[in-house]
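Every chain is named by a letter (A, B and C) in the order it is written, and numbering of its residues begins at 1.
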Amino acid sequence: MRDEGRAPAAAPAPAAPEPLNRRQFVEAALKACGAAAPLLVAVIRIPAAGGQEAAGGVEAGYDPTGHYYGMGVDIEKCIGCGRCVAACKAENDVPADAAHFNTWVERYVIEDNGEVTVDSPNGGIDGFPPLESERGMLRSFFVPKLCNHCANPPCVQVCPVGATFATRDGVVLVDEKYCIGCRYCIQACPYGARWFHPTKRVAGKCTLCYHRITRGLVPACVEVCPTGARIFGEVEQRATPLARFMRMNDVQVLKPHLNTKPKVYYANLDGEVR
Amino acid sequence: MTVKLPPQVPRLAAVFAVAIVALVAARAALVPATFGKYGHYRAAAVDSIAARPVKYAGRQDCEECHDDVAAQRLAGNHRGVGCEVCHGPQAAHVAAPSDVTPPAPRDRSFCVRCHAYNASRPTGFPQIDPVTHNPLKACIACHDPHAPVPPRVPQECSACHGQIARLKALSHHVNLPCITCHTVPQEHKVNPRASRPTKPTDRAFCGQCHDKTATRVAEAPRIDLATHYQRYLCWQCHYPHYPEAK
Amino acid sequence: MQGYIYPNEYELQWGLLIVLYPYITGLVAGAFILASLERVFNVKEVQPTYRLALLTALAFLLVAPLPLLGHLGHPERSYEIFLTPNRKSAMAMFGFVYAWYLTVVLLLEVWFEYRKDLVLRAQAAHGVGKWFFSALTLGATDLSERSLRFDDAAGRLITVIGIPSAFLLHGYVGFIFGSVKANPWWSSVLMPVVFLFSAIVSGIALVLILYLVTTLFRSRPVDMPCVDKLATFLFYAMIIDVSLEMLDFLHRLYESEESIGILSQMISSRLFLSLIVLQIVIGTLVPLVLLGVTSPALRRGGVARGSEELRRLIYLVTAVLVEIGIFSIRWNVVVGGQLFSKSLRGLTVYKVEVLGAEGVAITFGLLALPLVILWVLVKVLPPWPDVEARSA
């Protein structure tokens, strides 16, 4: 028996009712669960009645269900000036240091022997210094990067509390008041598009300038690009600049094998770009 | 016959019941009201993000008052360059024009950010060497930023095709002007993408100098055009701007 | 920084505290599974460690959420995980798996195991002590044969439920990493399984250490068959664990996917000390050899017969090396996954703080805290097989 080597038994108890066999025990347990079930259902289903929510924000007349946004990037037009990086930081109050970017520009240098060198000095915010040597250079180009506002976003999938989400108009946003700062979304993003705000201690990322596009403006990076390398528009529509861009160019997305369904489409994208 | 539950069961059940009731009450009290309205998120968050202040007004707003400048810009080479690229975010100026004056960059360092020669820029983008190109002179002394036509139409193709020119300068083709092989319409210097230079189309073109029967350019290497890799066009293997590369 | 990393990857997001969390939950799962060996599989020899293993699991489980809370940007909002969990997120399910394991498995099991002792102590105590122990009994003071048999049956049922729950508790931590397709170092089907078996290894080693150390401090004789059995199970668990890790390693090398270049570079430069030296040599190979030679795992009485004292010492040393090795595994997974860029073109560095909020000092504190809690638990609920509970 189990009690060997343990404390000596207490004084013998008065005559007990019939011993409880396994079936009766399971019955009792099930009864207890049955009593608990409605309570559990209530936990999940009871509508919440929290505090007051802030009103206002999106302009009257803006219907999110009438839009589904995407972006185009033409590699052949980017001159690596970095104005987009600076404009984004100014427009969206992104921390000014070299570790937090909603958008950044990368430079690729591909040599005759196949070696690839990539750099992004301070995200490209001050442009790029000239190459040390052009000897042996086969191709070189700039690649602007940003959040891809994926249609199947892995970051939204992993957020434990629902602080990051995709809006009905296709923009992936972070609720700064709800984020608990676990940083799982930053780990889950394959593109390195997310960062952790050093003072607010929540996740940050490109919002596709949601506050601008819902007022009929274009994102800040698109506004300041001097060569038209960035194209803003709607996905799955005809009368939008993005549709023309996708008709006239062979477009690709980054890391298609991960099935995140990105909505930033690159024209003239080199195979070496990750 | 009823089974008498051991005393442990109802007591444990009571403890669990209290915990679950507490969870239900907490949920009712603490979950924000708009949560779940459109999806698993707080719908009010969308509104607060959309309510953030706008810093860049956008070129349409500038045009409303500065239509003359806008018209001038749209007719020239900076037609794709928005006002705020150079003048900075000016939503504040649009809101209070007399109180906020937009800055206007006059320093050389501003323009060379885009226009300094950089091998990674796409070919055809106008670039200069900031060290040798009119040093110390302000760019706007010769180029009106709203209509930046150069004072002289570039004689050299290298103004826009710097990387090709530099590469060619190291090769045996160094003394061949670009127009040796490319016919350049005058329109190309004004509207580059709309009017493109021609390129040679057949082997015989290169054969003018390189075939064994050619008489021009005595020092050019000679091959027998009839038998030398007849299947291919010359430039499929020999990069014309650096033909000796292996 | 070497090569190219995305600008947002300069700062590592998951540091020492997140390395600590799977280590602690691993100890919990491992200690519990060891306890279940006696309860469900009737391995008589390890019975002296049964209660100690339960209390150890409880002490470490109570501390487990602390590194997580310390790491969160907004720990005051952590309740949101319970109120609006995203059912698609493995991390959200943590709150419920933890709550389930703490309440339905561990606390209930401890309560059923100790109910009789609590009732007896309540009867024997006076004043605050009487009130305290009576409260712990929840008023179920019936010590009849039927009630006691119910306790036993309930304990066994909970252990049976508890084994898959322990698998779930630590397996899902492995899944949290293994399901991240963005990270080729983490993304693997084997991740939950490797985590689980390394947890079992660390749990057995921990109970072995605690049993030897507490017995030494209490100046009692060590139950050698018990300790030999623990060492044997540790050896077997390590064999399985090392096989799984070898499988992962060989699989990666064989498939030679795109990430193999940067990952090899990372292992040979950034992770050389923690992976090759600490995890493999000191944490796995040396303990396997020592245990294989001294414990009865390979041959009854040990391959090399040594005195009991020597065996105990080697077991203790081995168990400590194992704990270092398992901690290194957690480090290599968590930190290793962030040392290389998702561009697959560069490596970065993790600058460990000493005093900061995620520093070495806090880590040591959080490792010591469960031992303090265990000391308190041991005073309230003595696990020693040779202690007689005071009766009325």
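Quick note on the criterion: contacts are C-beta pairs under 8 Å (C-beta built on N, C-alpha and C of every residue); 3 or more make two chains touch, one makes a residue touch a chain.
Just so we're clear, the structure is a prediction, and the values are computed from it rather than from any experiment.
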{"item": "Chain pair showing more contacts of the two, B-C and A-B", "value": "A-B"}
{"item": "Middle chain, criterion being Cα centroid separation", "value": "A"}
{"item": "Gap in Å, rounded to a whole number, between the CA centres of subunit C and subunit A", "value": "32"}
{"item": "Geometric centre distance via CA averages, subunit C-subunit B, whole Å", "value": "53"}
{"item": "Separation of subunit A from subunit B, taking each centre as the mean of its C-alpha atoms, in whole Å", "value": "24"}
{"item": "Sequence positions of subunit B contacting 2 or more other chains", "value": "6, 16, 23, 27, 30-31, 35, 40"}
{"item": "Per-residue multi-chain contacts in subunit A, two or more chains", "value": "17, 20, 48, 162-163, 178"}
{"item": "Sequence positions of subunit C contacting 2 or more other chains", "value": "83-84, 86, 142, 146-147, 150, 154"}
{"item": "Subunit B-facing residues of subunit C, complex", "value": "79, 82-84, 86, 103, 108, 112, 115, 138-142, 146-147, 150-151, 154"}
{"item": "Subunit B to subunit C touching residues, read off their complex", "value": "6-8, 11-12, 15-16, 19, 23, 26-27, 30-31, 35-36, 40"}
{"item": "Subunit C-touching residues of subunit A, taken from the complex the two chains share", "value": "2-3, 5-8, 10-11, 13-14, 16-17, 19-20, 22, 25, 48, 98-101, 104, 106, 116-120, 122-123, 145, 154, 157-163, 178-184, 186-196, 200-202, 258, 274"}
{"item": "Complex interface listing, subunit C residues touching subunit A", "value": "3-11, 13-14, 47, 68, 71-75, 77-78, 80-81, 83-86, 88-92, 94-95, 116-117, 119-120, 142-150, 152-154, 157, 176, 180-183, 337-338, 341-345, 385-386, 388-389, 391-392"}
{"item": "Subunit A partner contacts - residues on subunit B that touch it in the complex", "value": "3-6, 9, 13, 16-17, 20-21, 23-24, 27-35, 38-42, 44-56, 58-59, 78, 80-82, 84-85, 88-89, 113-114, 116-122, 125, 163, 166-167, 245"}
